[in-house]
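Take a look at these structures.
First subunit A sits with subunit B, and in the next complex the same chain sits with subunit C.
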Partner chain A sequence: MSGEKVSEAGGPVAAAPVHRDPLALVVRFQSLIGLVVVAIGGIIFSPRRHGQILFLDPDNIANIVRAVSETGIIAIGMTFVIITAGIDLSVGAVLGLSSVVTASMMISGGFGLIPTILAVLVMGIVFGAIQGTISTRFRLEPFIVTLAGLQAARGLALVVSGNQYINISYGEGPGLAPPVFAVLGERLFNNTVPVATIVFIVFAAIATIVLNTTRFGRYVFAVGGNERAARISGVPVSMVKISVYAITGFAAALAGIVHAGQFNFGSANDGMGYELTAIAAVVIGGTSLFGGAGSMVGTVAGTIMLGALANILQLNNITPAMQLLATAAIIVLAAVLQSLVRRREGLGR
Partner chain B sequence: MITMRQATRRALNAALLAGAGLCVAGTAQAAEPLVKACAKDGQFVIGFSQANNAEPYRQHVNDELEAAVKEVPGFTLQIADGAGNVNTQTSQVDNFITQKVDLLLISPFEAAPLTPAVKRAMDAGIPVIELDRKTVGDPGKDYTAFIGGDNYKIALEAGKYTAKTLMPDGGEAAVLEGLPSSTPAVERLNGFKDGVKENTKIQVVAEQAADWVPDKAQTAFSAMLQAHPDIKVLYASNDMMAAGALLAAKGAGKDVKIIGTDGLPGPAGGIEAVAKGDWAATFTYPTGAKEAIEMSKKILLDCATSVDKTVTVDTTAITPENAKQMMGK
Partner chain C sequence: MSAPLLVVTGAVKRFGGVQALRGVDFDLKPGEIHALLGENGAGKSTLMNLLSGVYTPDEGTIQIDGKPVQFNNPREAQAAGIATIFQELDLVPTLDVAANLFLGRELMRPGGFLDVPAMRNEARKRLEAIELAIDPASMVSNLSIGQRQVVAIVKALSYASRVLIMDEPTAALTVGEVDRLFDIMRKLAATGVGIVYISHRLEEVPQIADRVTVMRDGRVAGVTEPHAPQAELVRLLVGRPLDELYPERAKAPGKTLLSLRDARFRLAHESAGWQPPAGISLDVKAGEIVGLAGIMGAGRTELLSALYGTGLSGRWEGEVAVDGRPVKLDSINAARAAGIAFVTDDRRGSGLMLRMAVGLNLVMSVIRRISPFGLMSARRQADAIKQSFGQFDIRPKNPNIAVGALSGGNQQKVVLAKEILGNPRLLLLDEPTRGVDVGAKGEIYARLRQLAAQGLGILVASSEMPELIGLCDRIVVLRQGRNVAEFTGGVDEHTVLAAANGREA
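Up next, the complex of A and B:
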């Protein structure tokens, strides 16, 4: 797996010994293994029609990858933050804010497609950068700062929307959005690949390259691995931290735009709880909440695995309660595996 | 097995169609049944896409639907919980389409976002009955039918009951509203206010939003009673807020006549609260579950060529006179 990267790649600081421990190998690829297991389970337990496996039906696959695309985009941003041992609880609320701003700019503001998208993305970046700056400047726990950010974003969304939801209608002229925006809710390539999924995959590919091949990527691992050592080695720690929150802000704004386009709708209540789904996907993907280790490919696999699991449970008419319990079990399993490896490597905690 | 069943279904279907063709021979064209694979003794799966199981009212809808489906041999009900999330609900509707359920019931969490998913189901030849909430478009065209209550009318009844029975001599009344700017909250508020207008001696002295939840209702109504100690009647836009208001009234040592809305069954619901004498009344918000399954039978078993596009289910006033008797229902 070329896309994999763990702490030993952390450049000058992360000095985790390289073990060829089989358990470590399992953990490193845990979400991919999990995805394969869920996929095999999906095939075995899938309902069939005329001998055809419903789980593998192209429409069904498209549905799975479409449903996870918004949380997936957010999880990718979240991976950067969690590798620096941070957390961002504001992402779901920023998605809501972004969907509202997207809708109101196009519908009541009369702005075009490009200015709207650029403005919303910049807003996300600024929102995240402000959180990162407050957190580093005043040495506050990101948990607290982004918890406040969550409230602020929901409040702003209510202000912008005037306590209403905003429907997006398409056409030419005032009060209508450019019809091309609706493409986010459609499928391309002979009606097979959802556009929302394409956005997710392209963003994931760029993020993987940034994290694994650039100096910035190495800095992210370094800050999460050992902040003090990173500072001594000349890593611009504050800048890196502010940047990762700007990235999650950008990701949440992008997800908000996708949301508005998919559902022709902007509401302050959108994206409720997405932060937790995203964190779950990142953790299942093998990124450590203690920072310093993580994998973008793991996050993508974790995201799709959660979606596939929900899908196969519903196809078999298994209750939502079981779905929550299954997700809980997987999160615990992923965390326990990680903890075992850390202990074996003598990292404690 | 499946092929066998389908073959039978198809054969039956052909027979029925032929019969229908004979009956209407001479007319310009034979009306087609809404579902081609309909049959008297077929096996049918009905998918229900619920907006959010976490709301007690919606759990009540699920229970009534399950009870109604049990009465029909050959019907199976699958319920998917949208968990108050349009993305989740959309993917669940898509799953139902993949599964090729025979009929889709849906209470969309929001109208516009679920509209494309409902269209996909209709395009796939699956009839869609919308329950309680509508998507964008027209029944009979963009979806098969709508079944639900009328929030305005229910609250209007509550207002009239207040004007005539609870406060014939007039006085001060108050309202606890649901989540501001949500459609049912606005409709229920306006309905009640229009209803009490029948009695000009009644003044609505306070209106507060409590977002449908009991704890906010308790806080809001405590404050109302501080400011207006002579409030005689409180209209709560749902049962949960009425329960919170009762706590506030008890805490303040006031005897306030409380009216709820929804009329939920069970120990925490409004019907029992009225039977115990805690509340003055509650007005049921009918689930439409029975009507929905009746309509499903018409479509799937009787091969109906058309059904009523909009079915409005009436409210029942639960008062001390009938509460005990309604508890068993």
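Up next, the complex of A and C:
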């Protein structure tokens, strides 16, 4: 309760409650609690084979964390944007574009692994930065700008791919990709931990540090907390906004590279709808769409929770339609909890 | 004396462990304007919400015309004749005046069509009944705050017409608008409406009230005459005599920090309602508090925001110098580089990140200083927060609370403390005590004077004349973007007002 408390945490303390309001605590850790609830539910409702709980099978767990790694990477980037009270709808399309460019650079272009990856990541950053610049320079809603960006990225992906699947075959020589690229679809440590998941977790760790311990991270919270107040305090608001869209662009490109590596092809339709899954994970993770509050840990937990939920439903042969309905219910629940806390703090209606 | 219209007896209201009202008695007579004063947290909002049906009392009774009543929701209070005008006027800015007046009770033509002409006619009649020339067809967003207030009154009276509760109706009004509002209130009272008038502004009480109830800590601290001396009201409000609301003045100011000579701000695009500096000459010296007086639209706020680079885009002409060196104050960065800090008049809109913790808000203007190599230093942040808490008595003493949960006075202390942390040499203040209770005002004045004594120069714009006169060493009067007069502190109010209005004293 003292000044030292802030110092220990170091990073931004998102609107801690005045008294220990149990509801506020629940909301603060809602995605972790949700993850635990889903895990317990998974164990209870999991089909068993020879007395083994299938849900807890190492292969199954690896599958869950692999399946969520691409949307997870995107959600990490999206968390920055949403904390500034923005939104980026272009990420799924940028993933598709990146996957296509990755495949075609290696297969048709004959580029090596490192130049390809660097070029795609730079492309993602530039794409995002352009969106951020347009949005700040012309004071346009990021919703509109990134909606246009979504169309643009899909269009570019179609142009690059010629509306064809670009298959990635491995080997030495022209028309073949370096075999090491295939590692993205594999597992390490005795075939347990998927490489895609490692990329996700490393990216999440870096993002957590950036958000909570750097000046830039603090600026991100400030811009979302109150843009005018941030500007008056000397925060370089436009630079911060452009940067967060560059980060989502980078994240989408990274996810696109992982996608190409996991599935061994690039297609202009890759990543369709990923932006919505990512936004859902961020919101379930407790980050406020109004900006100014949020956490990376929440986003990671939200991402894995959605994946685990889908997994249980699949294990029990429950239809995809039910999965959508379950996800919808969880999003609404997360949003309702947040709004209840806002009301208790007297900050909103 | 007529029988009371409304009587509250022994009202108690608890919220969890907090007792907001501890047995409050209150009464209102027909045709009476009863001022209800109290600092933030004194319980006046809770009492108002009991009367308007937002809350129900845990104990105690409410009587109307001697008959006990119970309101379970605002609609029932309205049905009993009690109308409430909250600070955030519940008008829809994108609809016209008539549509707002009839919102939810629209007049219809057969077939389910809106009868717009009938509503506009009726609206015009009601507005004219209190002599107000507002076109019922004009959009609410095009009205001044004062006009909106009147529309809200007319709307409230059309729901319920016996008791009118007004929550700080003058907070956002200009002097002229306040006078007009008071006229309207007196006229309504003359027709037998009882008015509960909630305010922070002590100086308005003798002008308008027939009786004053002062609340403190959930109780009635006293009921007095409106012409009771201000010191008596202050004593009731804060529970102790407040010998000096305003601190001692400075002795000898230091060297000139800010110097304007025929300074004009040329706008990139003309803008109606924004009075740019149009030839201002003034100095602010180290250790000095200089006030900016003037009527609404004289260009006080505009001068401050143009100096800080937050106003409309444009450029300075004439002479603008800081420390004797000419500077181009064309952006926030330029102003900050020159050692200038700015506290806006709109702390919720542009001063604070309401949902973020107090501590995070405090360090907002020194992020660069507390993040060597781009990494936030937890120690430096804690030191900065500790420094602010040492300087200002921010309550509660907890940097982890969302700043939006603090009272207005404490929020204002946070905004001030935040800018002070940046060690500015010149502080620009716009309405530094708007919506701040008397106790916090006293503390803010004392702190500003202390900072000035340490060499800070302060330029403060205020529409509260007693504040300027009590606080400032010198008062510069602006009119139409020019300085037209200058007085030393302690000058009498009428002289300043006359200069502001362009009349001889």
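Note that in this section the second predicted complex is superposed on the first by the 329 of 349 C-alpha atoms of A that agree within 3 Å, B and C clash if a C-alpha of one lies under 4 Å from a C-alpha of the other, contacts with A are read in each partner's own complex, and residues count from 1 in each chain.
Criterion: contacts are C-beta pairs under 8 Å (C-beta built on N, C-alpha and C of every residue); 3 or more make two chains touch, one makes a residue touch a chain.
These numbers were taken from a predicted model, which means no experiment stands behind them.
K.L.:
Tell me which partner A:287 touches in the superposition: subunit B (first), subunit C (second), both or neither.
P.N.:
A:287 sits against neither subunit B nor subunit C.
K.L.:
After lining up the shared chain so the two structures overlap, which partner does A:79 touch, if you call subunit B first and subunit C second: first, second, both or neither?
P.N.:
In the superposed model, A:79 contacts neither subunit B nor subunit C.
K.L.:
First (subunit B), second (subunit C), both or neither: which does A:163 touch?
P.N.:
In the superposition, A:163 contacts subunit B only.
K.L.:
Taking the superposition on A as described, I'd like to know which of subunit B and subunit C A:338 touches: first, second, both or neither.
P.N.:
Touch status of A:338: no partner.
K.L.:
For A:267 in the superposed arrangement: first (subunit B), second (subunit C), both or neither?
P.N.:
First partner only, subunit B.
K.L.:
Classify the contacts of A:327 with the two partner chains as first (subunit B alone), second (subunit C alone), both, or neither.
P.N.:
After superposing on A, A:327 lies clear of both subunit B and subunit C.
K.L.:
Answer with first, second, both or neither: which of subunit B and subunit C does A:222 touch in the superposed model?
P.N.:
A:222 contacts subunit C only, not subunit B.
K.L.:
Does subunit A have more residues touched by subunit B or by subunit C?
P.N.:
C
K.L.:
On the A-aligned overlay, A:63 touches which partner chain: subunit B = first, subunit C = second, or both, or neither?
P.N.:
first
K.L.:
Give the list of subunit A residues in touch with subunit B in this complex.
P.N.:
47, 49-50, 54, 57, 59-60, 63-64, 66-67, 70, 163-165, 167-168, 185, 259, 262-265, 267, 270, 272-273, 310-311, 314-315, 317, 320
K.L.:
Which bits of subunit B are touching subunit A when the two form their complex?
P.N.:
2-3, 53, 78, 80-81, 83-88, 90-92, 94-95, 97-100, 110, 112-113, 115-116, 136, 180-181
K.L.:
Considering the complex alone, what residue numbers of subunit A touch subunit C?
P.N.:
Those residues of subunit A that touch subunit C are 1-18, 212-219, 221-222, 225-226, 228-235, 288, 290, 292-293, 342, 345-347.
K.L.:
Which subunit C residues qualify as touching subunit A in the complex?
P.N.:
308, 310, 332-333, 336, 342, 344, 349-357, 359-360, 364-365, 367-368, 371, 374-376, 378-379, 381-382, 385-386, 389, 396, 398-402, 404-405, 418
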